[in-house]
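Before anything else, here is the set of structures, which you'll find just below.
Note that subunit A is present in both complexes that follow, paired respectively with subunit B and with subunit C.
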Partner chain A sequence: MSSSSSTLTRVQFEQACKAFIDKHARSPLPSMGATTLEGWSWAEHPTVPGLGYLFRTVPLHGRALAPDKNGDFVQENVLQSAEFVDDPAIADGASPEFLTCEQSIAFSPTFQVPAFYFTIHDSRGSPVGLEEIMNTSLLRHHALPETQTTSFALFQRDALFPLLSQGDHPISGLPSWLIHPCGTACAMSELIGEKMAGGMPEVCSKEWLLVWLETWFLMLGNMVQL
Partner chain B sequence: MSTFGGIRHSPSTFTSSPASTTLFRRLVWEGTVPLEIRVDSKELPANSNRGLECYFLQAPRVSYLPLLISEIKRFLQDVVFDDEAARTMKEEDWWFESEEGHLLKWHWPIGLIYDNHTTLATSRPGASASSRPQAVPLRLTLHLASPPTDRLLLAPSAEACKQAFMGQLKEADFLRWGNTKRMTGLRKAEQDGMWEGIKEHNFDDYWRVASKVTPTTLPARPGSPPAAQSSSMHTRPPSADPQGTPDKDSAYSVRSVPIRLYLPEGPVLQDLAPPVLEDGGWSLPSIISAQSRDPRISLLLMHLLTTASCYYKGTPNTLADLLSLHLPLLFPAPGPGASPTLAYALLQGVVTPAEAELAWLGALPSINQDVWIHPTVLRAVDMVTSLRVTVALMAGMQ
Partner chain C sequence: MTVVQFAQFSSLVQPTFWHELSRVKLDVLRLSDDSVPLTATYSTGRTIKDRNTGQDVPLGCNISVGGESFSEDYSPPPNSITARGVLKNYNTIEEFKNADKRALFNKLSDEIWDSIIQNHDVAALTRFLLITFADLKKYKFYYWFAFPAFAAQPLWEIDDDWTTPEAHLSQDQLTSLAEQLSPTPPPFFLVRPAQDNTVETAPVNEFSTFFADVPQQSQTIGFLDPSAQASAPGWPLRNLLAYLRAVHPEATQTVRVLCWRGDAASSRIGVLRGGPVDADKPSAVGWEKNVQGKLGARVADLAPMMDPKRLADQAVDLNLKLMRWRILPSLDLDKIAQTRCLLLGAGTLGMLRCANAHGTLFLLTLGDQGWGIRKITLVDSGRVSFSNPVRQPLFEFDDCIDGGKPKAEAAAARLRKIFPGVDAEGVTLSIPMPGHPIPPGSEEQTKRSVKVLEDLFDAHDAVFLLMDSRESRWLPTVLGAAKGKIVLNAALGFDSYLVMRHGARENPADGTRRLGCYYCNDIVAPADSITDRTLDQMCTATAVELLVSLIQHPSGVQAPAPPPGQDPQQLQEVDQGGSVLGLVPHQLRGFLAQFRSMAIVGAAYDRCTGCSETVLKAYETQGFAMMLRAFNETGFLEALTGLDKLYAEGEQALEAVDWEEGADEDF
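Moving on, here comes the complex of A and B:
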């Protein structure tokens, strides 16, 4: 049993995910406008028990980067204010690149919370780099405070861990991008605290776990277009 | 386990005095593995000195493939490539593959890669199940172009490697203490100094900083044990300070030992691993039990201990406990009528006793402690698959 409302055990994570799937109808092919809660399925490691995660595949718009006169790829203004339109590919009339985003919600044993992993591939099946990821509609740029990018990570100034970085998917072992879960427990503590003040199911019951995970999705949705 | 006036202590083959810990840390640090790196013959540029494109080196276990690139590049420039090829080679497109075609990960320490390969090699059909791994060179193929970006992290740079390394240090800090204050308490120059220590393979430079964030192997002092039950002359009731303050930096005080189990074909298993199991008993830490076998010393030690109050509540969590928890089929819990264990553990290529305490292992230097599990007797059991398990401890370095 989790010792706090800000974290989960692995068993609770699995219970929450399965309750989540039971509640929200499965849609095999989420549309471009899929909401947070649609299209998720549960997957497990083929041989080792107790290792499961949520996954789904969604289409994304990207913007095909074109070289400028110097032959350098131009990164358009992606770190803009709240007026920035979430779908940059359509906003400025550039021809969109159709991309595929594979998303996972897996348990982080270090931080004892769910973590969001994803890969994005272009129509040829090649993985796209960070610059192109920033050009897709996946990340809500207005929610990303001043960030610095390298080719392999997105940093917030003075933050301990990068906001977005590469790592091995904890179940498949394949390289993925991940939204670092280090700040999740702190944020969840606040959100769950507020909810509990307003009345929640019995702590650690199946219903409570479902509300916990739905709250987590809402929190993630501030940063990621799900 | 022997009792000592109603107090259990767990014998350990390891002492945990600071001097011996430093010795073990240095031994692990200086571990190396032989590598044979051969450029893919199909990718050798024209006019290369064919036949010379093989480079042998003894690489530190605690280092990383990206840190070897410059040395390999110098060799290729000096010996193999002609001027044109040397000028145009792009090491950012380089990638490594094992003999069997396994893609090698940039962010895995070389020791982990080596042990992974050894385990996979000995698990092939026809390999002797009881053979210990031999120190044969790990043969790697170096490709110069077209990295498989869907299976490899995109940026095989030393900078990306450093970031992954620092991230693991911080995660280990968080696992141990529930926060990262020890890491964030380091100045940036100190943090960078740890990576420089890895790059230059300098033990002193690395440990000058690492010692500030790695737990000690000295026992914690969480409080007083119950009064001794026996009046044997070899025991003395400890006059413990009932409000004894735990050694806050002790490996026995951590929330969880940073430890991972690497299955050879994946996945990586990780969960919370407390250093002490709360089972109601009281224990002496291994430092005491190891030295108290000599009865002449034990009395003296007991006298010293009465004021040191080195007892702690619970029994130390051991490697055997952890393995039987996570891999019960390979490591059945001991007891009467228990099935035999089907594998054994290797740490940095050395057989690790099952009773090794996780706390002590977790305070060793280890960027990664790679504990490999090899199957033991398979003839009596018809195993469909023989699993080999790597237990990697990310204790303080990675």
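Moving on, here comes the complex of A and C:
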């Protein structure tokens, strides 16, 4: 049982996630419109039990792909028939180049809060660099000097820009970007404090955990376009 | 009537696929070119909102592979269909280019045709081929997908356009359909009306019995459509139509097709007409084009994720960018990174730790954990001794054994170890100094040393003087001034320190006097620029921070020092003479016992032994000869600059004072 309202135990985290999925992710990502809290599934470590996390895959706008260097060799012997070259039965619609963002919410044992991990890659499986990530809509930018942005009451003293870091994904072990969870407990204690004043389900019950996680998503949504 | 156009499959590869392929190649395949079975998945077509126009733009007709594609008991995510495929990995790029792609493709399309004709099986309609070459040294993967689909002759045509299902089915029927197709629709299915305004679905191989008593216009063939384009159904439909024409030729001259895209609103229905059938296997198409739109391979570059050097690069880049975004968007990081730095003295490099409020190591502040400077050269004459590593973090115990490694080279090697991307070099060199005469036999050696030092100055932009004696700074001061380099001086007393930048050679454009060097101060009294005010206005800049401020200042080395007596807070504005990083002071003197530092301005002295025009011109015209005299002859520099006359004048003035003898003694 977590002794404070600003952190969770791993078991509570798992309970909260499963309740969250039940409530929000019943249908798969809708085909039209922006993605919000939907589309999350639960995944586990392949061999070790008890290490689970939420994950989902989200498309993002990206720039046109760089040409395939050295791969561009026209092959005569693949032309099956003259028809293929101008096959009228193939639709032109060039699909817009988009990037794939794989998002995870994993439990951080050091900080005892959920942490948001993501990787972004193009259709070839190449991960994109920092500049490219900044050009997508994933991270909300507060890169302008303090005076020019609206500050959220919680983050006045801290940096307005998300604490973007690199690290290994805790379950898969692959290099990932992450929003560092060091400030989470502090922010959560304020948010949960306010919520509890307004009336919440019994502390540490399943409903309480669900509200806790939804509040965490709200906080994440300030930094990340969910 | 228009020709039906199909959206071709567009491959989506996840990085885990390449990780797994590397592992399979290294552990399993080695040099074998056996085929490896793979499983790909596709799902219903999706759209994405365009940020600029707000319109919904269809994503491609995607089919994905990932690390799990290699596993035999693969369970697809919800709402996804699996497609079986075959991978052939080649061991060289030549084999990859010369592989008989037509033969591979035809083998696969034959298999599909056989499953249609002999087995009447729709399970094997969607197949794929993937050929690869993995360059594991460069973390690059060459690959080429093929999705065989039978091309109908003549082409399928559509009566009107594709419409939403409301035009053909009632609302209740659509609800019933959605129910039957959840949670995961089959890849291909049949639909017929049922009682109470509902529908029924069935697998395609029940075609004859399912549609036995159903009129043609009420028969619907459905498939899970990975395309989201309004007027183009996805690739799997081609083989489904080929199946229908082959197995039920009479009943499928006209076909009503439902492209199921997850819900009724996104789905499409169209009525298609085909031509007469012939019994031979139709020709097949389906090699994927690369991003240039040509028939060629694609290349995936995984170096950013797998190459350790690239990962290190990225980490540094991230630090710098975060600093910039969070604090100073107008920081010009490139200007800093391109500054080539020469460090004279690889001794107590941590000595400025005390002066830096952030506590970061001096050299690492310079190097890539800090400002990203890429070229650093260290010069020192000594060897690492046992007392060094505890104070000088770049050295280790092992460096002290066997007489000790040369300091400069050891420090450079350690820097490279910390960050391989830095161009760090160590040069062992003894810097000659005035007051330490050169023995006659060593003149040639000294001349060579001076030449090496001159070349080093030419090859760098900023020079740090970090030696442990006053006179050793003379030669670098002269060279730095003569060659117009940025010179930063740092010196440590017992409980005090000095950090300063030398002034430029020319007077600034605004007519003020140029700033002085280390030696100017010996004669000219410093003007105190901060009165003895608040202790908490401590300046915590180190020589590095001073350098960076200087570089960011629009006037560079000519940057004026803040005038004495003004409020330093005001002076931090760029338009008040600061850089984006704030003040660019001339000198900082710190007094540790008092926890205080002072920003001081010292104007240049025209008789300075280090930076006056007299000295510089003498160096430029006489070169090493002049230097030799400076090293060997006491009083040479004073005579050259006229300082000796100053002393004489001073003596005379003193003697000229008429000390009044007390005439009355009133004791």
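Note that in this section the second predicted complex is superposed on the first by the 160 of 226 C-alpha atoms of A that agree within 3 Å, B and C clash if a C-alpha of one lies under 4 Å from a C-alpha of the other, contacts with A are read in each partner's own complex, and residues count from 1 in each chain.
One rule holds in what follows: a residue touches a chain if its C-beta (ideal position, glycine included) is under 8 Å from a C-beta of that chain, and two chains touch if they have at least 3 such contacts.
In this text, all values refer to a predicted model and were calculated from it rather than measured experimentally.
Q: Scan A:G193 for contacts with subunit B and subunit C and give back first, second, both or neither.
A: After superposing on A, A:G193 lies clear of both subunit B and subunit C.
Q: Check whether subunit B or subunit C contacts more residues of subunit A in the superposed model.
A: Counting residues of subunit A touched by each partner, the higher count goes to C.
Q: Applying the touch criterion given at the start, work out whether A:P170 contacts subunit B, subunit C, both or neither, answering first, second, both or neither.
A: The first partner, subunit B, only.
Q: For A:P59, decide between first (touching subunit B), second (touching subunit C), both and neither.
A: In the superposed model, A:P59 contacts subunit C only, not subunit B.
Q: I'd like to know which partner A:H45 touches here: subunit B for first, subunit C for second, both or neither.
A: Touch partner of A:H45: subunit B, not subunit C.
Q: Of the partners subunit B and subunit C, which touch A:C182 in the superposed model: first, second, both, neither?
A: first
Q: Which partner does A:S123 contact after superposing on A: first (subunit B), second (subunit C), both, neither?
A: second
Q: Under the contact rule defined above, give the subunit A residues that sit at the interface with subunit B and also at the interface with subunit C.
A: Shared contact residues on subunit A: 121, 125-127, 129-130, 160-161, 165-166, 172, 174-175.
Q: Quick check on the complex: what are the subunit A residues that touch subunit B?
A: 10, 45, 48, 51, 109-112, 121, 125-127, 129-130, 150-153, 160-162, 165-168, 170-175, 182
Q: Inside the complex, what are the residues of subunit A that reach subunit C?
A: Within the complex, subunit A touches subunit C at residues 28-34, 41, 59, 61, 64-75, 77-81, 83-84, 87-93, 95-96, 98, 100, 102, 119, 121, 123-130, 137, 141, 143-145, 159-161, 164-166, 172, 174-175.
Q: Quick one: which bits of subunit C touch subunit A in the complex? Just the residue numbers, please.
A: So the residues of subunit C touching subunit A come out as 3-8, 10-19, 44-51, 56-62, 77-79, 93, 97, 100-102, 105, 141-142, 151-152, 155-156, 227-229, 231-232, 238, 261-263, 265-266, 283-285, 287, 290-292, 294-302, 304-305, 311, 314-315, 317-318, 321-322, 325-326, 329.
Q: Which residues, counting only subunit B, touch subunit A once they are in their complex?
A: 105, 149-155, 157, 159-160, 163-164, 167, 170-171, 174-175, 180, 183-184, 263, 266-272
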